[in-house]
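Alright, structures below, take your time with them.
Next, two complexes with chain A in common: one pairs it with chain B, the other with chain C.
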Partner chain A sequence: MNVIEFNKLTKYYGDVKGCKDVDFNVKQGEIFGFIGPNGAGKSTTIRSMLSLIYPTSGSVTIFGKDAIEFGSEVRKEIGYLPSEVFYYDKMKVIDLLEYSASFYDRDCTDRIKELAEIMELNLNRRIQDLSYGNKKKVGIVQGLLHSPKLLVLDEPTSGLDPLMQQKFFKLIAEENKKGATVLFSSHILSEVQQLCDRVAIIKDGEIVSVEDVKALQHDNYKKFTVRGTGLNNGRFNIDGVTQLVERDDKVKFFYKGDINKIIEIVSKLVLTDLVVEEPTLEEIFMHYYE
Partner chain B sequence: MNIYKFELRNLKKSIMIWGLAVPFALVGYMLFYPMMSGDTAAFETLMANFPEEFLAAFGMNPKLPIFSLFGYFSLTFGMIQIPIAIQASNYGFHILSVEERELTADFLLSKPISRRKIFISKIMAAVTSLTIVNILVWVSSIAVIMIVKGEEVVDLTNVNILLSTTALLQLTFFGIGMVISVSIKKVSSVLTFSMALGFGLYIVASLGSILSSGIFKIISPFSHFNPGFILINGKYEWSLAIVSVIAIVVTIPLSYFLYNKRNIASL
Partner chain C sequence: MNIIKRELKANLKSLLFWIIPLGAVMYAASVEFNAFAGDSAIADAMKQFEFMFKALGSSVADMTKPEGFISIVSLYIYLPLAIYSGLLGSGIVSKEEKDKTAEYLFTLPVKRYEVIRAKLIVAVVYSMVINLAIVGTVYLTYLRFEVSDGYFRFMSNMSLGVFLTQLIFLGIGMLISSVLKQYKKSGSITIGLLMGTFMLSILIGMVDGKLDFLKFVVPFQYFPSADMLAGTFNFGYVIITLVVTLISVVGTFYFYKNRDLHI
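On to the complex of A and B.
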């Protein structure tokens, strides 16, 4: 079952394109990555899901219902963390969280305390006294306190230190295990790699690819680094090789296909070193952005 | 209900400031009345020296001399209408635009609540605040008149009719402020906008009185509720007041329509 369905979602701000023909689905129970550089249209896409902005054409369906028409109903089960966190400055953290909780039918008191403890958030401080990272934590607690069925996280890790990021990832993984579907936008591929099942790649407002992260990494590409002498003669330029960089003493490339073909070429050479690695998502996806 | 309470709590300080300052100014002015009425003859000569247009600009009317109790009150109340209007425009400019200005829109609007409910709650909170100030102005007006009237016998009917216009004046400025706030991209400074609207339209009203110009009187809500006219005639000048009523009836639903359709800007 699909939790989110984008149907040719298009948003123009006057003449400026926000996103165009965004069309992908997020399945129930999935952690779905949404990747793109700054300004590619991630936030535009996400903010149309929450009727913060209205699409120029196309639609978004969440839990089988139109996200605009049934907006307030659909949002009951969404936890949203905006990319830039701003809250009522003069409020205390606990007051803000209680205000946030007052919009939901359930009692969230225990969950607030629990989450604050995990994220090491002081509930009695004023929002205006918090650092950016701490505000982000308020955002995280605020997005999770009602145990939503769908988490929409727009660049959630910016401002968090690596330790907090790990705690946060753990938290998301737990929510996911309990059944929550997660849409996770980021421009940092390694964090998506760590967490997500599938990923959509957006460039200049348009989806360029939707890929299975694990399959992509394990079954497909391998990254080869070959060292030796006299390598610079194009013998690695075969089908399946991409991003080939040849020097006399070093050749680097990505390969997708029958591994024996590479072994065959390599076996005829005198090498000083051979490294075969799993490429990072960065390396796999870089070509989309070049 | 939670948004209503929240908004009201945010307005608390503002209600206290306006609710104290406006009645304080009103009472302050009125307390000078006994000094003035004691020296009627001197004032009469002084006033006679000014051209009628000049007096009209300040809301003075030959039928209601400044040294009479109601004459003095009409002048005072005309002055008090300015801060009342500024407060109302302030709330108008503020109430729907605050989230976008302070970038908290993504917080509030991503909650399971429709914009219609947000709109209603916010309007109700603002109207509650304005009503509190309205009541305080009303009570302090009556109280101070009773204090300064001395031996004079006064009929408060016309004063009450005048005070009843406050709500309409407030709603008119509130509605105008609100509709502007949702029509433009961003209200950068609420205070600047509301002062400009309040003082601007007051000047328009003054010009209307000086030039006896119909168009200026129609434009400015201050002329719709001219204290002098109401205290003399004991009724609204409906041909003008109706413009305010229309403004309220148009601006508030229009604000809702525009707010509901609005794309909320983010950073």
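On to the complex of A and C.
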């Protein structure tokens, strides 16, 4: 079952493209990564699905309901953590969290305390006195306090120290285990790699590809580094090779295809070293952004 | 209900910051009046400045009597209360975007019209509170002088006249915040509009009848204190007030619901 269905979602700000023909589904129970550089249209897509802004065309369905028409109903089961958090400065943390909780039909008191303890958040301070990282913690508690069925995280880790990041990832993983679906937007690939099952890649407002994270790493590209002498003769320039860098003593390239073809070329050479690696996600994604 | 409670709390301080000094000024004016009370020589002298008071939108009344004096200083009730309501209306709507809390509030399970409805209720309630507080202060502080039988009636008329003026600017303030892209400037635009019409109001008063056809665009001319003293409300202006306010409010709901939030 799909929790989120984007259906050719397009958003223009006047003449400026925010996102165009965004079309992918997030299945129930998965942690879905949403990857792209700054300004690629991640936040535009997310804000459209939360009806903060309205799509120019296309639609988003969440829990089988139109996300705009049934916005407030759908949002009952969504926990949202924006990339930058802003709250009412004059309020105390606990008052803000209780105010947030008052919009949901369930009692969240215990969960607030529990989450605050995990995130080491002081509930009695005023929002305006908090550092950026602490505000982010308030955001995490606020996004999770009603035990939502769908978590929407827009670059959630900015401002968190590595320790808190790990705690946060653990929390997300726990929520996911309890059945929550997660849409995780980020430009940091390693965290997507750590958490996500599948990933959509967005570039200039358009989805370039939707991939299985593990498959992406294992089945696709291999990174070759060949060392020896007299290598600079275009021997490796075959189908499936990309980003070929040839020097006389060293050749680097990515390869996707029948591995035996490379072995065949290599077997005819006298080498000093051969390294075959899984490329990092970063290296894989660079293909999409060239 | 929770939004109403929060807005009441969030706007309480500013309400008190308006009521306390304004109330003090009103009280100070009553002390000033102490010197005029019942002095006929001053009444004669003031007649010389008739044109000036007319221009300022105040009435030419016997300022040796409380009603007359109050109607002359009524400018200091109409103007600040209209400014308060205009700023409150534009601020209460644009604040969520200005403070960037819109992204928080509107991702909660709440409809946009519910938020606007709560804000409208709070803005109207606080406009009423400041009205009753200030007009009430004036009413009470002049009770220590000799007041006529019509005093209470005059004050309650004026309270209503001021409130209707407040409503117009409240509605316009909210509408400006929900329509304009420059939501950050909505407050200053509202005040600009308000001061503009006020200047126009002075001009209309100064040229003695020649610009009367412009009165309908100047809310300050709808319910002048002279009318309040006489106990008459211009029916046409009451209608205009209600229509303008209604259009502004309906427009606010419509535009705010259908536009992108500025985040």
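One rule holds in what follows: the second predicted complex is superposed on the first by the 290 of 290 C-alpha atoms of A that agree within 3 Å, B and C clash if a C-alpha of one lies under 4 Å from a C-alpha of the other, contacts with A are read in each partner's own complex, and residues count from 1 in each chain.
To be clear about the criterion, a residue touches a chain if its C-beta (ideal position, glycine included) is under 8 Å from a C-beta of that chain, and two chains touch if they have at least 3 such contacts.
The structure displayed is predicted, hence computed values, not measured ones.
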item	value
Chain A as common anchor, with chain B and chain C clashing or fitting	clash
Which of chain B and chain C A:Lys76 touches, first, second, both or neither	both
Partner chain(s) touched by A:Leu50 [first = chain B, second = chain C, both, neither]	both
Contacts of A:Tyr132 with chain B and chain C, given as first, second, both or neither	neither
Set intersection of chain A contacts, chain C complex versus chain B complex	13, 47, 50-54, 71-73, 75-76, 78, 80, 82, 84, 86-89, 99-100, 102-104, 142
Residue ranges of chain B touching chain A (in the complex, touch as defined)	2, 6, 10, 102-107, 109-114, 117, 261, 263-264, 266-267
Residues of chain A touching chain B in the complex	13, 43, 47, 50-54, 71-76, 78, 80, 82-84, 86-89, 99-100, 102-104, 142
For the chain A and chain C complex, residues of the former touching the latter	13, 47, 50-54, 71-73, 75-76, 78, 80, 82, 84-90, 99-100, 102-104, 142
Complex contact set, residues of chain C against chain A	2, 6, 10, 99-104, 106-111, 114, 258-261, 263
